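First comes the structure, then the notes that go with it.
When the chains are written out, they are named A, B, C and D in that same order, and each has its own residue count from 1.
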Amino acid sequence: MVRIQFAIDLHYELNYPGADFVFNIHAAKTASQSIVAENLQISQQVPSTIQTDPVTHARYLRLTAAPGPLHVTYQATVDIDHHIGNPDAINETPVAQLPLSALTYIYPSRYCQSDRLAMLAMSEFGNLPKGYRRVEAIQNWVRRQVTFRGATSSSTTSALDTLTDRVGVCRDFAHLMIAICRALSIPARFTTGIDYGADPALGPTDFHAYVEVYLDKRWYLFDPSGTAIPMGFVRLGTGRDAADVSFATIFGGVVSPPPLISVSALTEAGRPWETPRHRPEALSTDATVDKA
Amino acid sequence: MVRIQFAIDLHYELNYPGADFVFNIHAAKTASQSIVAENLQISQQVPSTIQTDPVTHARYLRLTAAPGPLHVTYQATVDIDHHIGNPDAINETPVAQLPLSALTYIYPSRYCQSDRLAMLAMSEFGNLPKGYRRVEAIQNWVRRQVTFRGATSSSTTSALDTLTDRVGVCRDFAHLMIAICRALSIPARFTTGIDYGADPALGPTDFHAYVEVYLDKRWYLFDPSGTAIPMGFVRLGTGRDAADVSFATIFGGVVSPPPLISVSALTEAGRPWETPRHRPEALSTDATVDKA
Amino acid sequence: MVRIQFAIDLHYELNYPGADFVFNIHAAKTASQSIVAENLQISQQVPSTIQTDPVTHARYLRLTAAPGPLHVTYQATVDIDHHIGNPDAINETPVAQLPLSALTYIYPSRYCQSDRLAMLAMSEFGNLPKGYRRVEAIQNWVRRQVTFRGATSSSTTSALDTLTDRVGVCRDFAHLMIAICRALSIPARFTTGIDYGADPALGPTDFHAYVEVYLDKRWYLFDPSGTAIPMGFVRLGTGRDAADVSFATIFGGVVSPPPLISVSALTEAGRPWETPRHRPEALSTDATVDKA
Amino acid sequence: MVRIQFAIDLHYELNYPGADFVFNIHAAKTASQSIVAENLQISQQVPSTIQTDPVTHARYLRLTAAPGPLHVTYQATVDIDHHIGNPDAINETPVAQLPLSALTYIYPSRYCQSDRLAMLAMSEFGNLPKGYRRVEAIQNWVRRQVTFRGATSSSTTSALDTLTDRVGVCRDFAHLMIAICRALSIPARFTTGIDYGADPALGPTDFHAYVEVYLDKRWYLFDPSGTAIPMGFVRLGTGRDAADVSFATIFGGVVSPPPLISVSALTEAGRPWETPRHRPEALSTDATVDKA
C-alpha cells in the first residue's frame, strides 16, 4: 500500500461574461483507491457540483465563474492498494471473453486511430506470445521510437502524428501505445494522474498521462513515456484518450499560468505505507468486470 | 406512433479457425421504442449471448462461430412513439446544464474531430440564434456541401476527409454534422438504423447512419444525408461515431456478401399506426437524463 | 512603372560546426523587373556563390558559414514594369494549349493537394464563366473563409489544414488558393516578395507570399490574404509552394531573431514612377512562354 | 549495355465532348539511353505534339481526342549503357556542393512529406556512415516495413500514409524511400519505367515506379519495392513524385481497361547486349550536372 499526498493549484483570469468549467482534478474513488482526506477551495462564491461517472468513477467538478480571477485548489491524501501480478503469468483475454465495458476500449478514438495500425501491429508484435510481456514489448517499442521533448505536440496531435514525427510528451506516448494495443484487439485506455517521481530536469511536477491495459480481468498500469513511477500514480480520470479526460475543460475566454502541483508519498513507522519505486511486477488498481 | 417491421439477413463464410462476432442488429429497447415481436436465428449451433449497454440500451449479440458458413437472421416488429416538438420552441441547453452523460458527446472522437472545426463552426453558424433551427442549418449546410455517392469513402474516412473531399455516404454526412455541432458545444451522437423510405435508385435497403442532437433535455433526430425518412428509423445502436456502432465487428477471417435487409411500416384500420413521412416538426425518441 | 527600394537584414548565431545556407533574398531579374542597384554584405569572410534558376529566374545565394555570428544584408532598388490587363477580357488558357512549363503548376504539391479538392472546386466555382473573374472569385472565397492571424500555422501546415482550420498567415491563404485553382486545371504558383503596404497593426514589414495564376499566356498577380499591395511586390522566388521558395534554407544548427526588413516606393518629379496602390485592373510581371 | 524492347497499348472510350491527354510513355532520350527505333500509333486522326522537358528529358505526347474510342500504341527499342559503380566507394554529396538542379529534390513534395520525417530518419539512419550503403539501408528498411499488396493504395496515398499503413504498391515504396532520403538532405526523385523481370504472380507486366538518388554527382537507381530488375528499367519520366510523372494525365471523361504492356531484353551473338540481372553493384544512367 502507498499513501500519496498531493495538491493542485489552478489560477484563471476570466474575460467577460465568465466561463463554465468542468474540472477533473479529484482523485477517483475506487475499490483500490480510497480518499483519506480531501479539501477543495474555490475563490469565487459560486455554486458548484461534483458528479461521478458511474462507469469510470472519475469525479467532475462543475461550476460557472464570473469575470475576474478564479483560484481553485484541491488537496488530497489517498491510499492506493495495488494488485501485484507476476508478469509471466498474466494472459491476454480472448476477445470472446471481453466484458462489454472493455470492448469499448478496442475501438479507435480521436487520438488513437487503431484502425490504421493493423499491419504495423501484426508485423511488429503479431508473433510474440500473447500476454503481459507482449504489451510490455509494445510499451518499450514506443519508448524507443519516440523521443520525449516538451512543447513538441499540441491538442490536435494524434497517435498517427506521433508515429510520423517520433517526438512528443507523455500523452503522445500514451496515445501511440494505446492505438497499437487496440490494433491487436487488446483493450487499452488513457488515464491521468500526477507524474510522481519524474526527473525535475523535465520540468516542475505536472499532470501525467499513462495507460491501463485489460489483461486477465484487470486493468494493468503502463507508463510508456517512462518518465514517472507508476506505483505513485493517483488515478484522476480514465477514458478512451485525452479527449475524455482533460483536467480542465473550459467554455469561455480565460488566461491562465501553468498549474502548480505537488505530490509526495507518506511513510511512518508501524504503517504499511511503502515508498513508490520502479517495480518489475505488474501493477493494477482496477478489476472492473461486467455483471453481465 | 409507427409500427415498423424489418428483417436483416447476414451470410458469412468463415476461414479456419473461425471468428468471434459482436453484432448490433437488435432493435434497442427504450422508453419510446418497444419490441412487439422479434426472432433471431443462427445457423450454427454455437453458444451466443445478448448484452445490453446500460447507458445507450443498445443490444449486442456475441458469438464465436466455426469455420464454414454462418447465417444470422433477425426479424422484429417495433413500435416507436415519437416525441413531436415545435422546432421554433426548442432551445440549446447551456453547457453548464448539460448532464454528465451528454457531455461525452461534445468531445471529439475518431471520425468527428471537432477540435479542428471551431473557426469554421463559429464563422458559419456562430451568429445564428441558438436552438433547433441552428442545428437544422448545420444539417442543411452539410447536405449542400457534400454530394452523396456510393463507394466513395472507406472505414478510415473521417469528418475532416469529408469536409475536404465533399463526397460520401450517409455515415460521412453524419460524421461531419456531428463534428460541427460539437465544435459549438452542442452534444451530438451517431445512431444506426435502417434507411426506411430511401430512394431505390440509391441501392437496395441498407443499414443507415443518422444523427441525434441534445436540445432541451432530449435527443432530436436529424438525417443529414437526407436519403431516408427519420420517422421510420428504428434505433439499433448509438455511440460517438461509427467506431462505436458497427452492425458487425468481426475478429477473424470471413468473406461475406452485402446484408439483405427489408423494412416496412404497418398500418391497420382502427390502429394508431401512422405511415412514416417527412415532417416539418422535430422528432425525438430519447429523453435521457442523468439522475445526478 | 514603380521603383521599389528595399533592405533585408538577417542575423544568425551558428552552433558548431557551422551551417550551409541557401538564401533566396535577391530580387529576380526578369523582363519586367530590372535591378537598378543592389548591394550584398556578408559578415563572415567565406566563399559564396549566386546561382540563378534558368526557368524561374530566382537567384540563390549559397554559402557555408563558421560557428559564431553571421550577418547578411541585402539592399536593392528595383524597377517593375507591370503589364496592366482588363480583368473582363482575360481568359483561361485551355489545358490543350498550356505550355509544358505551365503544366507543372496544375499538379498537386506538398502544401497544395489539389487532387483532393476537385469536388469542392467544381461545386463552388465550376459554374462560373472561365477567366480572370473566376480566379478572382476563388481569391475572394479564400479570403472570406480564412481568418488572418499570426502564429497559427507552422511549417507543416498545408492547404487541407487551412481549409479545415480556417485560420492562417499569408502563405496559408496562398496555398489554399493555389490548390483550388489547380483542382480546376488552372496553373497557379507560389511567389515570394515583401509585404509592401501592409497594415503595421499586423506586425513589422516582413516577407510575403502571394500567388501567380497563368491566364492568356501571362502570370497574373493575386494576393489572397489581402494584406498588402500587389503593385508594390518585388519578386524574389517562384515555385510550386512554400517548399520551393524559403528565403533561407539552413543545414545546421542556428539561432536567429526575426528578419529586419524595410521597403518603400520612390517617386520623383519628372519620373514615371507611380506609387503602388490597390488597382482594379489585372497585373502581371511575367509572360513566360515555352519555345516549344 | 542492355537492349530493351517494349510495347505499350492504351485503350480509351471517351465521353462527349472528348478529352485532352498528356502521355508520358516515350522512352527518354539521355546520354545513357538511346532510341534504336520507335513507333507511335494513334487511332484518331487528330493533331498531336511531342514536347521534351529540357531538364529531365522526359517526352510528353499531347493530343485532344474526340468522343468514342481512342487507341494509342507505342513501341520502342532502346539501348541503355549503365554506369556501374562500387557501392562501397560512392559517397553522399555534401549539401554545400549539391547543384541547384539537385537541390529541388531535397524539398518535400505532394507524396513525399520529408519535413515530417527528420526525427525518424535521424534515429534510424543518422548514425550510419554516409554514402551509397546508407541509402541502401533506407531502401531495405522500407522493404522490410512495408508489405507489397495490389489495390491497397490510391492516388491520394502519400509516404506518411504508407508509413502508417505499412502496405502498398511500387509507387508507395518509392514515395516512402524518397521522403526518408530527403529528410537526410539526400536528393531523391521518382522515376517511371516498366517492371522488367517482375514475378508474374504479382500480375501482368505493368508500369513501374522506382527511385533515383543523387550521390557523387550521379543519380543511382534503387528499386525499393524489390519487385523488378533495375538493370532492365527503361526511363520514361522523372519528377519529384507521382504527381509529376503520370503515364497519362487526362482532362475529360474516359473509361479504360488497364494498359497492355510487354517488355523483353534482346541478346544476339557478337553483340554486347547483356540480359538484365540483379547486380550487387550500383547502377546509374544519369550524370546530370549544373553548368553553374
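We adopt the following convention: a residue touches a chain if its C-beta (ideal position, glycine included) is under 8 Å from a C-beta of that chain, and two chains touch if they have at least 3 such contacts.
Here is each chain with its UniProt name: A, B, C, D = Transglutaminase.
Note that the structure is a prediction, hence the values are computed from the model and not measured.
The minimum number of touch steps separating subunit B from subunit D is 2. Taking each chain's centre as the average of its CA atoms, subunit C and subunit D sit 31 Å apart. Separating the CA-averaged centres of subunit A and subunit D is a span of 48 Å.
Counting only residues that touch two or more partner chains, subunit C has 116.
Pairwise chain contacts in this structure: A-B, A-D, B-C, C-D.
Of all residues in subunit D, those touching subunit A in their complex are 116-117, 119-120, 123, 145, 147, 160, 163-167.
On the side of subunit B, the complex with subunit A involves touching residues 20, 22, 49, 51-53, 55, 60, 62, 64, 94-96, 100, 103-104, 107-110, 113, 115-116, 155-156, 185, 240, 243-244, 251, 290, 292.
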